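Next, two complexes with chain A in common: one pairs it with chain B, the other with chain C.
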Partner chain A sequence: MKRLSRFALATALVLALAVPAMAEVSDGVVKIGVLNDMSGVYSDLCGPGSVEAVKMAVEDFGGKVLGKPIEVVSADHQNKADIGANVANKWIDVDKVDVIVDLPNTAVCLAVQKICQDKNRINLISTGASVILTNKNCSPTGFHWTYDNYALAKGTGTAMVKEGGDTWFFLTADYAFGHDLEKSTAEAVTKSGGKVLGSVRHPFPCNDFSSFLLQAQASKAKVIGLANAGGDTINAVKQAAEFGIVQAGQRLAGLLVFISDIHSLGLKTAQGLVVTTGFYWDLNDETRAWSKKWSARMNGRMPTMAQAGCYSATMHYLKAIQAAGTDEAKAVAKKMREIPVNDFFAKNGKVREDGRMVHDMLLAQVKKPEDSKYPWDYYKILRVIPGDEAYKPISETECPYLLEKK
Partner chain B sequence: MFELIGIPPQALFGQMLLGLINGAFYAVLSLGLALIFGLLNVINFTHGAQYMLGAYVAWLLLNFLGINYWLALILAPVVVGAFGILLERLMLRKLYHLDHLYGLLLTFGLALIIEGVFRNLYGISGQSYPVPPVLTGGYNLGFMFLPLYRGWVVFFSLVVCLGTWLVIEKTKLGSYLRAGTENPTLVQAFGINVPRMITLTYGFGVGLAALAGVLAAPIYQVKPTMGADMIIVVFAVVVIGGMGSIMGSVVTGFMLGLLEGLTKVFYPEASNTVIFVVMAVVLLIKPAGLFGKAS
Partner chain C sequence: MRLQKIGIPILLALALAAPFVVYPVFLMKALCFALFACAFNLLLGYVGLLSFGHAAYFGFAAYISAHAAKVWGLGPELALVLGTLTAMGLGLVFGWLAIRRSGIYFAMITLALSQMVFFFCVQAPFTHGEDGIQAVPRGRLLGLIDLTDNLSMYYFVLVVFILGLLIIRRAVGSPFGQVLKAIRENEPRATSLGYKTDRYKLMAFTLSAALAGTAGAMKALVFQLASLTDVHWHASGEVVLMTLLGGVGTVFGPVVGAFLVVAIQNYLAQMGAWVTIIQGAIFVVCVLTFRRGMVGEVLEFWRRRNAAGPPAPPPGGGH
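So, the complex of A and B:
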């Protein structure tokens, strides 16, 4: 009897030691937390639509990874960095969340990415825009998926200058994001031989753009760059049409425009706008198939690049867990960098050492009302911008842990 | 050609005109608020939500019933005003004998609920309302391009403000209103139905908010938060003008619009705060507001 119990104990011990070497999922569940703006200015372009996209990724993956269930939770950070940080801390410490997805608003991104880095968790940024997230403020376990300011600025800025729009005036939202976008675009414009004539910083958020538009008009610049987002861009475009700015020969460049913005503006007002986007639902059969599935769950809307990016990032994360045989953040992060990204969202996408997912971007022009044949038929694709051309080259990296390696 | 601190006069005139246009919105909105506060002693925090409702009713009328802008300009204020009357009858009325604070809390709560419902129904980015065909295009005034619609907004707001002021200051109905504000018990003793007058006044004030909403629909995006963005500024206007002062709120509305317009030229970053700076200064020097009577 005694011997038997000793044997049992020994077996148990061996088993206990052996388990970590086998497939390991902490706490017996992989928990995905979608943290974004659920009710504020960005809720149409990410919000509940991103949660739905993540749920679809989990369903398409089979609901289980390494034999353990996958759960999705979500929260509203209200565009406040302190609320975002609190949720992230609680999710990781109490609710055992393994990965935080989406993250609009650069201020919140910075706070949450730091927490994830310190507590060894993965964060997948889809809606956040600033290029510093994979540069000065990069994290070994932080990934940036859909787009960034650099890619948008380069795509739209270079294209407009090439078409003859070589003098620019900026309407810039007066906060970190707007300044960053203006700076990136001004660089792209100057590099391609254009000239920046001036800029005006408007309060955020801003209802009435008429006075700023008048200043832009007085500058006689060929292109008015809108270094703002969401409701501000919508109002600026709408009022530019009202003041006859486009009819008088100046062109508008929307630097960060989501398809949900175009939907709310209507084609009559938005036509002709040149935008850079990471995804368009109507690009090919694959994008259409996925988007229609998403649309059926979202009252007939079509996904923005941010929402589609959430699906792609989550899917890639789950594949990396499968390949790594564990959900431990560093091991998963390593696998994420090794496996190429191939889905409806990105073809041969590559996750770089600094956490940037490099994939092809699209330069698009908003269609005229008479060219739009069915609901949400909004973009004419002008050009596919290869990923390596769109994103900031890794040779210019300011990422501290990469610089140390060198 | 003279220049004022590096700004050419053309740009300056343009900005002043734009300021007046924004001032027109402030004036119509603060007029309704001042009216309601004057007679009901209620700080109507739903005013922003009712402005938003006005814009949405116009949008719904156009998209579901095909009713055009001109009819909406009459229908939307009536519909939203009726909703206001219902609100007054069923809820606000019960709070008159209590402190101001209760009315404020009730109206604030209602504003949040209304906004939340519309956010759920229509999302945050809002809808586009087209400028009525007759008023599209604009005139080149030499120093700026004036969209016809904006000119119409200033003209129409002036008419509405002046009309309201005339009714209150020059007619018998207005005199009842003013008397009711001073001493409701005494006026009731003369056989005038004061509670009904209060209900109708509230309905009219709410109707004015909705009217401003319809006016704003073609310029701004019709969206659930449009009222919340506006209401704080409008409250500042009322406070600066003097709570309850009809003329004060109208004049202050236009004046502050002008001031804001000028700030956008000289120091755009401060254009969101300049009104509140003025408010703080006025409160320090003249606590009852520019046109208010010290009690």
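So, the complex of A and C:
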């Protein structure tokens, strides 16, 4: 009996000593894993540039949090959900990674977010687009930082109607993502008093847009909405330029366009395109200062919103660890929701209960070649869209754990 | 055959001990692809038919079993069987169409049919397009063993893999397999001996598709997701790569090839853009230096040492 009580006492002591130690930094290091596309279609808009942005955040934070070192690892998910899931599992189980950042490609996002939720780790999505990540598939420890397709569709749709582009025709990539984008944009257009004259669905991926563009031209709509992404958008814009569509008075609205796409298209082809973006490097002194620092490390390129978002998200995560005094995911997630986001990327950004980071978006138009004064001088900012207006209101949430609370 | 007598127990022991040394999820993935490559090799190595659309059976079975496990709430074993049967049915229909031609035409027909499956998967509502079916429950095996534990899942995968391999070995070693090899070497002669070659080819095709389906269905359970990656033609290309690297027409060749390719994809993921370049370089080196594939070269070396005879011509297939 005596031995038993002594054993119990010893156990209690060990536990008492162990608990506060656990409440600090697990494994004595905070490991950040950047998981994205390093070799495929998205590598320009996130890829190594995102890794560099995360490293800059760690350096600017001082390389240490709560006195423990911060490490950055990265991997290429090759746009395959199984490779993404495999890396995420291994990172968490074997390599003790605490947070997974960036995550382009919705299929990979969904897989990794679920793994992080099950294993109690944080994931910060910057490049991933789908609004379901903070709705139907939300996670208490998953955050969506830079933009989502709802905000882009709504931003561009509403703003263009306000400017007189009140009749629309859609070129839609024929798969769930395209349909979604068309639906959200069409809603925004009709809500602001515009009219959708029609739409045409093109196969995905598509190389020849001529017949679709002719239909769009014949519709006499003032705006042609491109409800597609990546290579499809680039092809559509190029071929629209060949048809002289913009010169003839119709406007193109890109619903998911990154500045790197404009860079590869060139201003001559892309001029006049209206886009919504979460970040523009040349907005003010603060954004310029950070972007130039990044640019010096990336052969003179300028950051996309996704890359800048990675910096902001990582910085916020580290601040939350500092404030929470631990790197345990739930405690950090709680702090991340409490602290406002204030950096060059977002002013008074707010992390909502569903994991959505709400910040102001920018409506921009691609400049004419003669208006561009220096390299990467691509956008004319038409309007700042307040965050609460841009993002899907939380009252319309489909997030299961929020609905349960209600 | 001394090699087999020593080799197989060693391999089995390695397979049993492996999850304690290597990360089990990686091993499971490699085993899924290994079975896929073995199924493919049944067709390329033993019948000489180069199918360029095996992703269709692999990926579609993954969708079916993921849907069965997630939406219909079936157990893992039933989901696996359902995936296999679907792939088998698909293989029967596609095979029936494709075996009317041979060589490059056969490859093109299988590619076209698998692209149809791909576009079906992009569009069909139950696959959720490019989001894929996510959060598939692994469930309990026969209602008893909890498969959420990586270790028990690994042994389940291993058992299915060994069963698949045994089926292939049995098929290849049987009189049926002899006829297949005869068709590979000289189809008109096999016909003149009275064999209905089309029927044999169709049987082999269906068997291969069914096993590819088993592999795909298993992968969906391992990763708890089914996505477009597995029905994309890249997956069809990858399985060709695995089989050629390991050794066409050998039982273990595709297994080695699959482990190699999956290891490159996973362990070199840290190297970023270099993954695909390294993969390409290895392939070029293999094609230039050992045309029989890794296992093929080893077996050839063994054979030559024992027999000291002239080297056999590298297998090419009869198309």
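Criterion: the second predicted complex is superposed on the first by the 385 of 406 C-alpha atoms of A that agree within 3 Å, B and C clash if a C-alpha of one lies under 4 Å from a C-alpha of the other, contacts with A are read in each partner's own complex, and residues count from 1 in each chain.
Rule of thumb we're sticking to: contacts are C-beta pairs under 8 Å (C-beta built on N, C-alpha and C of every residue); 3 or more make two chains touch, one makes a residue touch a chain.
Owing to the predicted nature of the structure, the values given are computational and were not obtained by experimental measurement.
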item: Which superposed partner A:176 touches (first chain B, second chain C, both, neither); value: second
item: Partner chain in contact with A:246 - chain B first, chain C second, else both or neither; value: neither
item: Partner chain(s) touched by A:75 [first = chain B, second = chain C, both, neither]; value: second
item: Chain B versus chain C as contact partner of A:394, first or second or both or neither; value: neither
item: Touched partner set for A:331, first chain B, second chain C, both or neither; value: neither
item: First, second, both or neither for A:110, with chain B first and chain C second; value: second
item: Chain B versus chain C as contact partner of A:137, first or second or both or neither; value: second
item: Which superposed partner A:83 touches (first chain B, second chain C, both, neither); value: second
item: Partner chain in contact with A:212 - chain B first, chain C second, else both or neither; value: first
item: Footprint overlap on chain A, where chain B in one structure and chain C in the other make contact; value: 39, 43, 47, 174, 203
item: Interface residues, chain A side, partner chain B - complex; value: 39-45, 47, 174, 200-203, 205-208, 210-212, 214-215, 217-218, 230-231, 234-235, 238-239, 242-244, 248, 260-261, 263-266, 268-269
item: Residues on chain A engaged by chain C in the complex (per definition of touch); value: 38-39, 43, 47-48, 73-83, 85-87, 89-90, 93-94, 106-107, 110-111, 114, 130, 132, 137, 174-177, 203-204
item: Complex contacts: residues of chain C adjacent to chain A; value: 23, 25-26, 29, 119, 122-123, 128-132, 134-135, 219, 223-225, 227-230, 265-266, 269-276
item: List of chain B residues in touch with chain A within their complex; value: 11, 14-15, 18-19, 21-22, 119, 123-128, 130-131, 137-138, 144-145, 147, 149-150, 219-221, 223, 225-226, 229-230, 261, 264-265, 268-269, 271-272
